[in-house]
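Please find one structure pasted underneath; my questions will follow.
Chains here go by letter, A, B, C and D, matching the order in which they are written, and residues are numbered from 1 within each.
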């Protein structure tokens, strides 16, 4: 229904997305994208890569006189500042932890500059699509909020949603922000990178979204967030902790006022139950580091690789708007699907 | 490509699956399904529900003279022993932890007997489809092996693959089996249920499977396993542990002989790298328990529910063949897709 | 949305269909299928093949207590009376006009008995799916009526819809029926077969169904009817005649009371305009004939083939319910899709 | 497999197409598109609309160092010369024969300038996609050739393929070209438009393309060409003439050297048989004419509409490259699918 296809490479002309299936007569203009583009932008945090992307979203189709027309919406983000010289070494050597090796095995030929197609830059197109998805969710009162639960081993001990947008790390715990920053600074100094855990909370989601067997809502959410490069784990509600609870502990009692607890994370049998949806993801450390690494070249000779250039120290916080976008896209899709039922 | 659609309910005529896109001239007959059906069968473990399913798979289409024809293969498993009387109470009351409530909200009308469509019985059809998927993988030398990593809090400390099929719990650690059994017995006695963690290991998977953006191999695997009712978490490779590793620790070095470690879990940038693929899942405790639970009826009045009948104490070990099947289906699909590239 | 997958072969266990995406709470039982199954049944006309199919539709899933549940509906029609001996010769020889040769080239292996998968018998499953589609269209006041416009060169000169169901040929012209029958008798005597033209008329279709670019309503209708074995041509509205009209002649004027004419056949720009939808199809003569024909065997040696057995003399009238079913399926699908827009 | 999505409007920023599923390492650059863009260009024939489109195809993604990468290829064609003032009247009045009315009914809101999304301009994107499809077909020796069989009632009496590209009407009959031109001039003078019939011939197509039931090759071809705005009828092989042939006349005999005739049009049972594929389509006269026409406004008041501006007199010859492109896209898709079988 809400069908999203991205295209483009980090060092080509730009990246974009075609959205098919968006209802007509929804107000949409370039300014709508500014906030989330800014939240995802590199260089937002002082430790992030200083590469300056303006990331202005250009609406190439599907909008007329400020309203969606129901036909495919194309959003395009032109690449600037794309110095591909530092990547020449990647013509020969595979970067550990990156997809260079697998792309080479799969395609024989790929745009290796900055990751090309598998660059994190591709996610900017997803964030743009998420803005459109949010337009569909807003009238339902559905809100999607992501935050940093753990970074470089430093945990947020409490969730203060009001604080999330007040710090560059989208950390929900005012007392943890400083330690998280220190972890980033330390890794940066060492020429290393760190990972973390993020949670995405959905409030106001109507009950009844999700298909019962293969396209379960939790299955689609898991796929959506796992399709982001650095994600290595996904949990819904109690997640891995649920494995250690007994049925009597894990079942959420049902009361006339709603569920008595929310270990299910808002989804039962693959269908939203009206409670808050909770998705948690684990991000690996960004594989681009300045430290020397062992690798091979295209002819399988051993080599060492020492990357120079500008890297983020962590996928967090920049990945948060991408996670939010993916969740919004899945929810918008399932919401539109649910309308065919009644 | 390898397109799988299941149908049927736990207390209807039976459950089945249509597989579209299976190549022609693959040997297939009813006996091929016996082993995995037996491994998934309830009552296999003495603590499992004694409900006796014979689960003979009937090939309804797509096979001629013992060979697949390339046209849709339909597999059907007739229901027996389906006493739906104990479920009459579910016409009124929602079972906590089950999809009764969400189905009611979504569809207004559903087959509540034993879960109907969302019964674990549906997974028998997946196991059958997995048998066909395995036929596609076998010539590649690809093997999919699932085992119980943790059950009711008892962990397997070592992985002895040879031991897995030698115990009813698919536990890979001979020293842990007994404690796992005790955890099951204890929960059973208490009228309760337990959860656990399972790992699925794929050996011999060729490099190059997976699509680069949305249909990444890890994303499809996450969706596939998350579409099983009791799964609440998924990890690939190092999973949540990766969130605490630095880039220099988490990146797998590449050597002329292959990867120096496998924290990636065999997948880089959504594409298989030729190493072992490792998927880990968390299962919640089965929500059907004999203990009294708080719930509501269809008119939102508070009620208490005390289920009587025959329940499994844990989704493990029976869910293992289902997990294996889902992984096989995803791999077969991506393998067939990969053939369009060359 | 209204997703239809058929399976099965003419001489296997049976044929069936899985319908995914049907809304819940629609009344459905086995008796609903009787009328259209009977209309499609061979042997209905005295010149048709005397093979007696009972074609009782068994609901295998998706219906509970007489109402659809929103989950996949599986319909199964068991094969009887399937004497496959007369087909042994087809293990060696390709029948001209049939798909024997192309299946052999594509799959290397196929169920050649009576066409197996590509037998007209497969269309019984489509008719069953059409019955479910009609349930979705009925509340809209949409009706789909097919009739025989031409048979063996004999044309219906007028369209009397009331007469259609009153004669076994679904001929809308009382004065043409006799000549059509004579054409059939003559062909039968000669051991030959005849083709014809059928029209499907849709009344009461709401405006606004159809997607603007690739999934245009007329494009989907063309595909749906062309997917029936004997169809070699499709027209919408004026069809090929439109090629000879000037713009000023072909454009339907728009008036406050509706369109002043209907050369468009109810579809403009791929979207229904609220007027009657008119689809016309050309059917080739059924390729199975008793006359001797030139062909080759699997080793490319020349051969002559003289088929013995029971063949229909014409796809008409039996194909009419199949055409109606395909049109209903397309309309139901587009109607459900259209609900996601508002 | 070879998945094509177009986007854009006639008077927006431009039109484009995303192609997903193209194999990697195929040479592709902007110049590859020049020939077919030129063949489809308006103003090519002196009677065509003088609107001058340069239609330079910009490769926005999916190509690196002159070779496809296997990731989505985006092609974009910028709009120029788009004077939308003459279209202001369309804000109020529906043009007969166009999709204005149905878009209004479906979406409530649409880009009415020159048809917006349903403008013939959209087909330029399809032609671009066809160029990529042709790259896949070329190594197979498959060629797709379209020509004008009839225009404004003037028929081509013979097919001389060598002559097709030597005249601006793609007419295969040197003796018919002049009369066709005269028909165009006459209609132009009268402020009217004319329709015609086109044939697309495929040579060198391997046997075995096409799926057996719903995605039959002829069904997909019918859908593909019917998805072009002006097409009202489709025939495969003998088409509507087949309705008047007996089985013994219509069946193509099979000989050791191939088929003895080709009334099937190269497709049996939905699968290519290795013979030439023949698709024939009927085009209505372009609905934009200078003659006064009856219509209504958005409030259903009667009105007369006299269009001024630049219109083509006929969809032919410009639609020929579009038809070729659609056929190429379908064949490339089925060819890639067929690779998963072996």
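Here is the rule we use: a contact is a pair of C-beta atoms (placed from the backbone, for glycine too) under 8 Å apart; a residue touches a chain by one contact, two chains touch by 3 or more.
If you're wondering where the values come from, they're calculated on a predicted model, not measured in any experiment.
Asker: Of the pairs A-B and B-D, which shows more C-beta pairs in contact?
Answerer: Of A-B and B-D, more C-beta pairs in contact link A-B.
Asker: So which chain is the furthest away from subunit D, centre to centre on CA atoms?
Answerer: Relative to subunit D, the chain whose C-alpha centre sits farthest away is B.
Asker: Which integer distance in Å separates the CA centroid of subunit A from that of subunit B?
Answerer: Their C-alpha centroids are separated by 27 Å.
Asker: Determine the centre-to-centre distance between subunit B and subunit C, using the mean Cα coordinates as centres, and give it in whole Å.
Answerer: 39
Asker: Roughly how far is subunit B from subunit D, going centre to centre by Cα mean, in whole Å?
Answerer: 47
Asker: Could you list the positions in subunit D whose residues touch two or more of the other chains?
Answerer: 6, 24, 70-72, 106-107, 117, 212-213, 341
Asker: How about subunit C: which of its residues touch subunit D in the complex?
Answerer: 4, 6, 94, 96-99, 101-103, 105-107, 117-118, 122, 150, 152-153, 187, 190, 192-197, 207-208, 210, 212-216, 218-224, 226-227, 229, 232-256, 260, 263-265, 267-274, 282-289, 291, 293-296, 300-302, 338, 341
Asker: Over in the complex, which subunit A residues touch subunit D? Could you list them?
Answerer: It comes out as residues 5-9, 12-16, 18, 20, 24-25, 58-62, 64-65, 67-74, 76, 106-111, 116-117.
Asker: Which subunit C residues qualify as touching subunit A in the complex?
Answerer: Interface residues on subunit C, with respect to subunit A: 1, 21, 23-24, 70-72, 212-213, 336-337, 339-342.
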